[in-house]
Amino acid sequence: MDAFLKSGKLSSSKAGTSTGSQKGVKDKKQKEKPIPWVEKYRPKKVDDVVEQQEVCNVLRDCLNSSDLPNLLLYGQPGTGKTSTILAAAHQLFGEFFKERVLELNASDDRGIAVIRTKVKNFAQLKASSIRPDGKPCPPFKIIILDEADAMTHAAQAALRRTMEKETRTTRFCLICNYVSRIIEPITSRCTKFRFISLTEEKVMERLKLICGQENVKIDDDALMSIVDISGGDMRKAITTLQSSYRIKCGSDVQGTDNPITKVDILEMSGMVPEKFLTDFIQICRKNDFQKLENFVENFMFEAYSASQFFDQLSELIVMDDSITNEQKSIMLDKMGEVAFRLLSGGSEYLQLMNFGSTALMAFEKK
Amino acid sequence: MQFLEPKTTEDLIIHPKKIEDIRKWFMLGQQLGKSNRILLLIGASGSSKLSAMKVISKEFDFNVCEWIFKAEVDRELLMEDGDRGYHYKKQSELFQEFLIKVSRYNSIFSQKERILIVKDFPNTFLRKGNEEEFWTILKKYKSIGTNPLVFILTDTNSKSLNIEMNLFPDKIRGQLGIDTINMNPISTTLMKKALKQICAKMKEHEHVDSKFIEPTQSIIDDIIAQSQGDIRNAIMNLQLVSQQGSIDLSMQTKSRTKKAGKAKKTPTDKINKGVGRDEVLGIFHGVGRALHAKKEEDPDTKKIKLTHNPDSVADCFLSQPGNYIELLHSNYLKTFSSIDDVKDFTKIMSASDIFQTEYRNADKLHVLNLNLVIRGAMVCNTEPAKGFRPITGYANKKFRSVEEKCLQEYLSQSTEFNDGHRMSLKDYFVDYTGYLKLFKSFGAGSSSL
Amino acid sequence: MALWVDKYRPKELSKLDYHKQQAIDLKRLCEQQDFPHLMFFGCSGAGKKTRIQCVLRELYGPSAERLRNETMNFTTPSNRKIEITTVSSNYHIELNPSDAGIYDRVVITDIIKQIAQTNIIDTNGQRDFKVIVLTEVDDLTKDAQHALRRTMEKYVATCRLILCVNSTSRVIPAIKSRCLGIRVASPTHEEIIGILNQICQKENLKLPAELARNIASKSERNLRRAILMLEACKVQKYPFTNNQDVPEIDWQRFLNETANQILMEQSPARLEKVRDRLYELLSQGIPPDIIFKVLVQVLSKKCEVEVKSQIYEFASLYEFRMQMGSKQIYHLEAFVAHFMSIYKKYLIQATEMMMDMDE
């Protein structure tokens, strides 16, 4: 890694005061009057980033030495990958952030053509070590490729050439959920950092901070359930909070009469209420097919998502000690199949029934 | 082959009636004094469309002018070589030039009238969307051309290549007064006669081919069967067989059988499998072969095996796997007697639909899929229904018009309810239509209609 | 004269008959400056569209109800011309992109771009965005859904999307996370009965309690169907009687008959007849998933638990394949054949058991 840090501090040519006007999607969002809280409360400095000590330390060193290796950040969604690199870039370039950073995410077209033209063109622009206002700054640009695992392999291959060629003036930062979806030649050219899931306390802390600043009235119970639902995903936690705030408090500035409750949160997040899960297992245990049919029918009418149901049920089944391992394995095996079919368009009713009858038979076995 | 070309109408082995048809067309043209008539001659390959045209033209003293397309290819090649400066004319322009110039400026060498024959169509017209261009040329020809024009078309199975359908729709035919004559594949008796004549001729002119050996009657019969009404093919095969005479026949047979890899019974059969063109099954025939799969016991291994290799059946339908599978699906139920067998086969059909829908890697997948279905049909049916069941058409044919009608109804009514908001297809058919019918059936006193 | 379903459709959020709390929440949402993308989900006949219309009215006032029909044309990359019919007001446009079949992606990218790029004509409008209502989003191909997600981000400045979805399981998570989900549960039997009574009151009819309950339970908690049934009852016979027949729609009767035919005989010949009937249903526009569900429900009722579980097992397999594939009849047929085979064995076993018992 040291080798990476030492590399390329060469180009000192002063051409290129402005580097074009690439605008990421994020800019557009900022034009909107109300900024989503996710953006508003993004960490401004690397030190603000919650947890992820390892990465932060490295980045801090980099900031001090004004250099950066090629980075590959990966980890669960909402753990601060994008926030971290954006914060670092802001610290490096200050107000000239826009000229030096190209941000592309999966929503932009990212076929080979884009890699070949857009990325290449940006990479080939010269970067001076002095800012237009005379202050020193690192002589390179950063290209951030968000959601890099959604790129096609061909595009990744095209990227690898560009990465090699442009090391002198450009640093790449790839962000993805699954490092295994990035082709080997690219991972070997990057310093990899894994972002760990955030602990409940950290999420809670952050949410409380936001609630305080935005004047959100919310039950502790509700807060706790947000944290629960988010499962260490900060983005999800914050958006859930904001959505419920929007719906519950609205323009009503005080929002006093309407504190957000746990029920609201559950409704907002599309979670299936616990009652359905336990009922379901109960019915399967009792080996009552008629009841199972009725249950599934009713469940459908409530319009909850069947895949969400399975997500939650899987956890419940795994944790339930009264179910034998054999039963668990039968059920979870089926669940995998059924959840896959659901995602590809299978009927919720039939898939639920299929799983239900399997579970029913599994409980029979004892 | 060339040397055997028919010279008089008597030599032609087309059905005399058809010859008469063509003659009539010529005569009609002369009687009416209209010289720029257009004829469409359609027939299977090798049904001697061109030969007939040539012979009869001669009879009526016409010079035959054929649209030849070669020069054109050369020019295109030139283009590709990078010589961009070369003045290059579009195919369609060349075609137009041919039609109009040739017909207007009579050759100085002969005072005979000319007849234009177009057999190879310029490619550009075959592309979708270019039909209009072709029609304009035709119309132009109709107005200024002076000579009769004949288009010769070969029947094909594939839709996209069907010139008849695409370039000569009924509308255009009516508009331009295009006549059509359909040629049938040559019948077995006529073919037999022709081959005999040829053999006789060959003997007369032994100097042309000193090695000529007269083939036996059985071989001729097989050649005829193989050719399926294609005289060109038959003559070529005859030539091949007759020349082979010098080589040891049995040797020949062995090497050929290995290549063809099919089950064979009689020696003559063997020869023919070797020399015949690839067996072409009609789609109905092919489906029948899969559904009424013949099984026989292998004399060596004592295992039951299929008489017809599923691969070779599949090979015949690679260009249209979808159609084949659909026809098979429409007809398979009649040949099954056990519901358990049906269960197994429908399982395969269900999987096959998934494969057929998959568009990635479609080329390979669809070939495999076709094979899967054919094998499935051959193997799954352990207790075939007794008696022969003819293959009928597609089972859903009669429902297509209903579907069309319902859809039209939906489109016209979808915004009538719901306060002018769109109604989804599903809601419309599942809920509204049924009740609307009910309301109507109770007739008067209805509050809604 | 409009049908009752349309006549008594609430036009304002405050007049909705059930999910009142949700209506209040929606109203509050409409009052705010920033309006998110919305996704309404629920079974058919639960009232999603009604709510969407109410939200539009809340946003733009009554002029959002002045509608016109338009057809939009576009060309696919393979040069095919496709027409899509839309319904629009000055402020919003409604379309069903799955009308375009496999070209739905083109609709999403091209048409929405077109709409999004033309700004609102009304200058004194309260909103600086247009609304695009997309129906049956769950029927879109995955390709189109990904395109949709891009579109949502790209044109967020000029338009908002309101999606109408039956089953959220078929919507990719990226879309779900970009929308505020509004769950529209089907009305309960009591709620349906309440609404039926209201309608009868307005029409000056007397609705016996028994009949109301009957309709509610037959409607499968589908309000639209319940109201249509009520009107059908009225047309059929009025004054109402307590034990009056609730008329069945023809396709339902037809499908039930088909199921009975399957139960009566299990042979290839019978299957062929059943297949013709299925073709007929499909050609009349009855969605195959509904056919599938009804068949499974009717058929499984006749079997023991072990057999039932088998039925659901392969029903779920074939139904899934049907959604994946393109020829629905193959899979429906495979299901029926499978059922016949199992049911036949089951019957034989049952008779053997009986014989044993007799001995």
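When the chains are written out, they are named A, B and C in that same order, and each has its own residue count from 1.
To be clear about the criterion, a contact is a pair of C-beta atoms (placed from the backbone, for glycine too) under 8 Å apart; a residue touches a chain by one contact, two chains touch by 3 or more.
What you are looking at is a predicted structure, and each value in this text was computed from that prediction instead of being measured.
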Chain closest to the assembly centre - both centres taken as Cα means: C
Identity of the chain that, by mean CA position, is farthest from subunit A: B
For subunit A paired with subunit B, centre-to-centre distance based on mean C-alpha positions, whole Å: 57
Euclidean distance of C-alpha centroids - subunit A vs subunit C, Å: 32
Intercentroid distance (Cα basis), subunit C paired with subunit B, Å: 45
Touching two or more other chains - residue numbers and ranges from subunit B: none
Residue list for subunit A, restricted to those that touch at least two other chains: none
Junction residues of subunit C - those touching two or more other chains: 324
Residues on subunit B engaged by subunit C in the complex (per definition of touch): 128-129, 326, 329, 333-334, 336-340, 342-343, 345-347, 349-354, 356-357, 385, 395-396, 399-400, 402-403, 406-407, 410-411, 414-415, 417-422, 424-435, 437-439, 442, 445-449
In the complex with subunit C, residue positions of subunit A that touch it: 25, 28-29, 31-34, 107-108, 236, 239, 243, 246-252, 267-268, 270, 287, 289, 293, 300-308, 338, 341-351, 353-354, 356-358, 360-361
Complex contact set, residues of subunit C against subunit B: 1-6, 9, 44-45, 49, 53, 65, 67, 69, 79, 85-87, 94-96, 99, 135-136, 222, 224-225, 228-229, 231-232, 234-236, 247, 249-252, 266-269, 271-272, 275-276, 279-280, 282-287, 290, 318, 321, 324-327, 329-331, 333-334, 337-338, 340-341, 344
In the complex, subunit C residues that touch subunit A: 25-26, 28-29, 31-34, 36, 41-43, 46, 138, 149-150, 153-154, 156-157, 167-170, 176-177, 180-181, 183-186, 221, 289, 292-293, 296-297, 305-306, 308-309, 312-313, 315-317, 319-320, 323-324
